[in-house]
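Same chain, two partners: chain A is paired with chain B first, then with chain C.
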Partner chain A sequence: MVDSPTHESTMASILEVEMTAYLLRRIVQIPFVIVVTSLVIFLLIHLTPGDPVNEILGLHATPEMVRVWRHKLGLDRPLHVQYLSWLWKASHGDLGQSIRSAQPVLKLILDRLPLTFVLITLAMLFSLAVSIPAGIISAWKCGKFPDYAVMFLTLIGISMPQFGFAIILIMVLALRLDLLPISGIGLVKPLQEPWRFAQYAIMPVLTLGLGLTALETRLLRSCMLDALSEEYIRVARAKGLREYFILTRHAFRNALIPLITVVATYYALGMGASIIVESIFGIPGLGSLLIEAVWARDIPVVQGCTFFIAIFFVVANLVADILYVYVDPRIRFQ
Partner chain B sequence: MSQGPRLQTERRLIGESEAARTIREFRRRKVAVASFFIMVVLVTAVILAPVFAPDPIAQDLKNRLQKPSLAHPFGTDYLGRDLLGRVIHGGRISLSVGLIVVAIAVIFSVPIGLVAGYFGGRVDDLLMRLMDALLTFPPLLLAIALLASLGPDIKNAMLALGLVRIPRFARLVRGCVISAKENQYVEAARSIGARDLRIMLFHIWPNVAAPLLVQSTISFAAAILAEAGLSFLGLGVQPPTPSWGRDISEGYKYLREAPWMAIFPMAAIMVSAISMNLVGDGLRDAMNPRLRGR
Partner chain C sequence: MEKKKVTRRKFLKVAGTVGLWLGAAASSLLEACAPKPTPAPAPPEAPTPAPVPPEAPTPTPVPPTAAPTVVPSVRKDLVVGLHADVPSFGAFTKLGETGPKVNESIIRRLARVSHETFQPEPELAVEWAMEDPTTWVIKLREGVQWHKGWGEVTAEDVEYTINYIVENQAYKYGTGILNVDYVKARSKYVVEVKLTQPFLAFPQVTMDHGGDICCKKAHLEMGEEEYKINPIGCGPFQFEEWVSGSHVIIKKFPDYWNPDQPKVEEVVFPIIPDASVRLAALEKGEIDWMDRINGKDIPRVRELEGFTFENVPGWNWDCLAFGFAPYIDAKYVTEDFPTQIKEVRQAISYAISRQDIIDAVYYGEGQPSDSPIPEGFPGYRPWPLKYPPEGDLETAKSLMAQAGVDGFDAEVIGLATMPWHVQELEVIAEQVKPLGINLSITAVEEGMWHERWYEHNFTMGMREISMVSADTDSCLYWFHRSGAKHWQGWPNAPDEWLDGARAETDPEKQKELYIKITDRVIDECPYIFTGHVNVIRLYDERLTGFRPWRVYFIMTLDDVGWTA
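Take a look at the complex of A and B:
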C-alpha cells in the first residue's frame, strides 16, 4: 500500500476543486454586474432633460439640423436599441465616439487612465506604509501617549472631506511656502522627468491617501487590540516569545483581512473618487473626463467611463476575495 | 509589556436597564460627553438660524473680501456676503442632509435586515443578493449620475447618498438579528406561541438598536462629508443657497486673498464630523462589555 492517496491529499484536491469552482462562479458574475451597472447609468443619463446635440450646435441650430444630427448620432432610435447596440459594440472593444470631440471613446479613456491609476496606486502604497506601523504602535502602546496622538490624528483624518486635505496642503505648501506647483501635471512625462513628476504628484497623492491612512490605522489598531486580548497571545507570552514577534506574527495577521477589504474597496471606488482631486489639481485623468462628459451630456463617453470603472470595481473585489482565501485558511471551508 | 483593554466583570446597579447602563458608561467618557454637547450647540444654532444669524444672501459689494472683524466675525466673501451667516445657514442644509440620508438608510435597511435575518433561507438569499447588487455600485458614480440626470437638486442628492448606504446598514441589522435569534428567550417566546412580529419587535429589536445607533452616528458624519463633496463639485445645493461644500469651492478661488472664505466652512464641517464621530466612538465603547468597569 505504498501509493494509496492519503487523507490529506484527498482533502487538498477537494479544496482545490471547490476553490476553482468558487472562482469560476465569481468570474462569470463579472459581465452580469457590468451590464447591470452600465444599464442603470444609461437609463439615468437618458432621463436627462438636456440634449447633447443642442449643446454642440449651439443657439443657431434649426430643428432640421438637430434632426439630422440626432439621426447621425443614432439618438433617434428607441432606447433599448441604443443600449443593446452600445453593449454589443462595447463587448467587441468599440466604445463609440465622443459626441463632443468625435474622438474614439476608448482612446480618450486609455489616454487618461494610466495617470489616474498611477496616482491612486501611489496613494495606496503611501497609506499602507504609514498606517501599518502607526496602527501597530498604537495598539502596542494602547492607552499611553503614542496611542492618544495617533487616535487624535486619525480622528481628524476621517473627519475631513477629501478636498479639505487638498486645500490645506495647497495653502501651506503651494501658497505660503511656495514649494510645490498646483496644476500642470498633464504636461510632465513621468518616465522622462521623474523628479518633476513627483513634485506635481505629491499633493494629489497625499490628498487621496491621507483619509485612507487614517481609516486604515484605526482599523488596524482595533483589530490588533481585539487580537491581543485573546488567549493565545497570553500563551505566546508565557512561552517567552519576544514582544515584537508576538505583535507582528500573531496579532497582525488578524488585521490583514479587514485591511484587504479596505484596500480593495479603495481601489474599487478610487477611480470614481478621484474626481474631486482631479478637479482641484487640474489633473487630466479618468475622473475629470467623466465629470466633463456628464456636464456636457456626452453620452458615449459617460457610458465608456462607467464601463471601465465598473470593470475596475468588480476586478478589485474579485482579487480581494482571492486574497482572503489565501490569508485566512478558515474561509476555505465555507 | 503591552496589554489589550483590561478584562473586568461588569457591575450593574440594582434595577438599572441596559439603556441606563449605557448612558452611565457614556457619561464616564469625558471626550464623548463634550462632543455630545458640541453637537447640541451646533444643532441649536442651526435651528435658530433664521432668528439671530446674519443674512447669508445679502450682498454688499462695497465690503467684498473683508477680513474677520467685529462687524463680520467670519469675514465676507467675494460678493460681500457675511460668512458667519452663510456658515450657520449652510449648517441647516448640511446637517439636515446628514439626518435625512441616515434616516433613509435606516428606514429601508431595518425591515430588510430584520426579515432577512429572522426568516433566513430563500428570503435571506434573495434580499442579500439585492443588497450586493446595490453594493456593486460605486457610490459617487451613482450620486453623480442621479444628479446629472434628475437635476442637481438637494433632494436627489439625499436620495442618492441614502440609497447607497442601505446595504451596509442592512447587513449590520441582519447580523444582529441572526445572533439575537440564538438567545434562549426567543426560543421560549416562540414556544409559548408568540407571533413572529411580536418576537421581532420586543425581543430582537432591542439587540439591534444599539449597534444601529452607533453606525448611524458614524454614517451621519460620513454623509456630511459626502454632501460637502457633491456640493463642492457643484452637484448639490444651488446658489445662492449657502452650503458648506459649495462655499469652500468658491473660497478655493480666493485662497490667496481671502483664505477665511474656505477656512470657516471647512472648520464647520470638521467640527460637525469630529464631534459626531466621537459621540459614535463613545457609544460604541460604552456598549462594549470589555470596556465597561465599575
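Take a look at the complex of A and C:
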C-alpha cells in the first residue's frame, strides 16, 4: 500500500541515504570550486594593471628599489610558482601576508569578517521580517489598495541606490533628528554595549536590507499568486479551511523555494556587496578590506578575501539545497 | 526493529538544536566583532648604559623658535576624522597621506621645518652644523625617553635609523635621505652624518622629511613587521590601538620631555572614507577635525558657524605633463606628434586660463601659477613668470601657426580617485578647443595610472605633486633624467643644473641655478603648471593650537587643546 507505515519508513530511509550521498558529493566538490575560483582571481589580479611594489614605495622608487622589493615579496617568480606556492600554504591555513601592512591575511580577514557577517545577517532577518508578511498580504489582497501600496514601496526600494538611501538616512535620522550616530561602529564592543552597537548598526542594516526586502517581497508575491491559483488551494477553501492556514501552511510553503535561493545567494554576494555601505558608514568589514586591497594591489589580501567569499557561496548554496528538500519533499537529490 | 523516518517533528527538533548551537556561535561572532586592537609589545628589560666616548667639538647652536602659547584645556580628548585607513607606522615604509597624521604624534623628527618661517626648528636635535661640506654634526636633546620603557633616545638610534634606510633602500631613500654615505654616533648624544656630496638643504630635507627616528632596540627585538603595527616613538603621544579599517587611538605619553605638552589625554582617529559623511559627522559633533572636503561643500563650510575654516596656500602644484618620444611608447607618442613641438606646448600653456581653473574647480581656494616653486621657497619669483593667469588665446594661436599645426586629437589621463583633476581636465579641454586641439579624457584608477606612467604609456597626464620638504630641490628634481620614475622623457632635462644646485653650498648661487632650471621648464613646458591649491581643514572653533601645515600629510597635535 502506498500510505502504509512500511512504505513511509522505506521512503524516509531512501531520503536519508540520498541526502547523505548528495552531501558527500557536494562536499567533495567544494575544494575543486575553491581552487578554480582562486585560480581565476589570481590570474585576473595579475592581469590588472598596477604593481603593488609601486604602491608601497611610491613615485620616488628607483628601478633598483623596485627590483629588490619584488624579489623580497616573491613577485619576480613565475606566475605558476606563485600560485602553487599560495595554494599549498592556503591548504595549510596560511593565506600569506599583506603586502601593504605585512600582517597575516587570515588575521586581517578574521578580524573583519564577523562584523560584515553580523550586519548581513541582521539585514537578512530584517528583510525577511518585512518581506514575508508584505508579500503574503500583497498576494492575498491582489488588486486592492494593500497590494498597490506594497508594489509602490517595493518599486522605490528596488530603484533607490544604496548610496542615496544611506545619505537620506544620515540626513534624517542622524543630522536632522539626532537619533543615531553616523560612524564609529568599530569602536563599540557588541557584547558589552549591545544597545550602543544596535544604534550604530541600524542605518547600515537598513541600507543593506532595503533592496533585498523589495526584491524578496516582489518574488514572494509572485510565487504566492502562482500558488494561490492552484487547484489544491481551491480544494482547501472548499473544505472550509481558514484563510490564514491556507496562506501560511499551504501557499506560503510552496512559495518558499525561490526565497531560499535569494537568501542563500545574498549571503554570499553580500560579503562583497557590502563595500558601499562599509565605505559610507566607516565600517571595518570584509568589503572595505577587499576594496582597499584591490586599490593597493595587495594581491594576497584580494586572494584571501575571494577565497572566503567562494567558501561562503558554496556553503550557502549547499545549505539552500538541503532546505529545499525539507520544504518541498517532492524534490529529490538526484 | 525500530524504523527510522524523517518527520517534520524530527526535523524541527534537529533544527531547534542546531539553532541553539548557532546562537552560541553567534555570540562568539559578536564577541569577535569587538575591535581587535594590535597588542602592545612587552616592555623591555632595563637597558645597560653604553660607554660615553669623548665629546666632539661643539657645533654652532641654532636658536630654537618660541613655543606656542599654552592654553587651558577643558575636554581631554580629541577626535580626528581620517579619509582613509593608515597603511602602517614607523620610519621605513610608505605611510600614505593619513599615516603621517597619526605617525607625527608618535615618531619624532630630528628637526621640523616651520611652514611659516621656513626655518628648521629643533625637535630631537637641538643643535646642528656643517663641519665641512660633506659632514654634518647633530647634537641630540638629552633625556628624551622612548615610549613604553624602551629607554632613552641616543645617537645610536639615529645612526641605526638612517643607516637602515640607506642599506635597505627603504621608503624615504632618495627623497628624505639623500646623498648619505654613512651615519656614525660620535658620543651618546652627538651624531656625525657623512654625505657623498655637499648638500646645503640637509636640515630642511634630511633632518626634517628624512628625520623620523625609530628606536633601535625595539626595532631589532620586535622586527620591522611588528614595529610597523606597534610603533615605538618618543613623541607626545604613544601608540595605543589600531583596528584596521576602523580607527587608531593614541594616548598621552606621561614621560614626554616637554611637561606642557600635549594638551589632551587621548586622540581617536576614526576612518570615514566618504567626504560627505565625514562632514556630516563633524557637524554632528562625532568628530572634531577633518580635511579633504568636497569642493562643492567649500562655499557652505566657509561660513559654517561653530567651526574654524582654515585655508593655507599649499606646497603643491597641479600640472599637465607631456610624454616624450622615444621614451614614451610609440603607440601614444611619436617624434612627429604635435606635442613634441615646443611651440605647441607653449600654445597650450597660453590658452589655459589658470584663474578659471582655480575658480571653477577649487572654488577660488588656490593661486594660479605657471611656476613649480611655491611662494617662500628659495628661487621663488612672483607669478606669473611667462603665462598670464587669464590666458592669452591670441598668442596661443600665433604659436600654433608658427609650429605649423592646425590642431590634433590627444588622450589625457587623470586619476579617477581625484575627481577634481578630471574636472580640471574638462576645463582645459574646453580652453584648448579654439586651437583645434581635442582632448579625450580618460579617468583611470590609481593602479592603472601608475602602470601607464611607469610603463611610459601616455600622451599627456594630469598630476598633483606635494612638496615633501621645504627646499626647492623637492619642487624640481621631478625633471631629473635618472633615478625615480617621474621623468617622462624630456630630452632637455637640466640634470647638470639640478645636480649642481643640490651640491651648491652658496645659497645665492643655488638660487641662480633654481631660476635657470625654472626658466627652462617654463619655456619648454615639459609640464604645464596650473596652480598651487590651498590646503583646507575644518575643525571645531573651540579647538586651538593647530599649526597651519601647508601639505595634507603633516599634522602635529603637541599644543592642540580645547578652550571651552
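Annotations for the structure displayed:
Note that in this section the second predicted complex is superposed on the first by the 315 of 334 C-alpha atoms of A that agree within 3 Å, B and C clash if a C-alpha of one lies under 4 Å from a C-alpha of the other, contacts with A are read in each partner's own complex, and residues count from 1 in each chain.
Here is the rule we use: a contact is a pair of C-beta atoms (placed from the backbone, for glycine too) under 8 Å apart; a residue touches a chain by one contact, two chains touch by 3 or more.
Note that the coordinates shown come from a computational prediction; the quantities given were computed from them, not determined experimentally.
Set against each other, chain B and chain C differ in how many residues of chain A they touch, and the higher count belongs to C. Contact with both chain B and chain C is seen for A:295 once the two complexes are overlaid on the shared chain.
After overlaying the two complexes on the shared chain, residue contacts for A:133 are found with neither chain B nor chain C. With both structures placed on the common chain, the touch criterion links A:117 to chain C but leaves chain B unconnected. Once the two complexes are overlaid on the shared chain, A:280 sits against chain B and chain C alike. In the superposition on chain A, contact of A:16 is made with chain C only, not with chain B.
Legend: residue contacts after superposition of the two complexes on their common chain; A:31 is shown touching neither chain B nor chain C. In the superposition on chain A, contact of A:228 is made with chain B only, not with chain C.
Of the two partner chains placed by the overlay, only chain B lies in contact with A:41; chain C stays clear of it. Once the two complexes are laid over each other on the shared chain, residue contacts for A:68 go to chain C alone; chain B is not touched.
In the superposition on chain A, chain A positions 48-49, 167, 170-171, 175, 279-280, 295 are in contact with chain B in one complex as well as with chain C in the other. Chain contact summary for the complex, chain A toward chain C: residues 5-6, 8-9, 11-13, 15-16, 48-51, 54-62, 64-65, 68, 97, 100-103, 108, 110-112, 114-115, 117-118, 121, 167, 170-171, 174-175, 178, 181-192, 197, 278-285, 288-289, 292, 295-297, 326. Against chain A, in their complex, chain C makes its touches with residues 3-7, 11, 26-27, 29-36, 85, 87-88, 93-94, 169, 171, 173-175, 224-225, 228-229, 243-247, 268, 270-274, 276-277, 280-281, 283-284, 286, 417, 445-448, 450-452, 454, 483-486.
For chain B in complex with chain A, the touching residues are 1-5, 7, 133, 136-142, 144-146, 148-151, 221, 225, 228-229, 232-233, 245, 248-249, 252, 255-256, 259, 262, 266, 269-270, 273-274, 277-278, 290. Of all residues in chain A, only 33, 36-37, 40-41, 44-49, 139-142, 155-156, 158-164, 167, 170-171, 175, 225-226, 228-229, 233, 237, 243, 247, 268-269, 271-273, 275-276, 279-280, 290-291, 294-295, 302, 306, 309-310, 313-314, 317 touch chain B in the complex they form.
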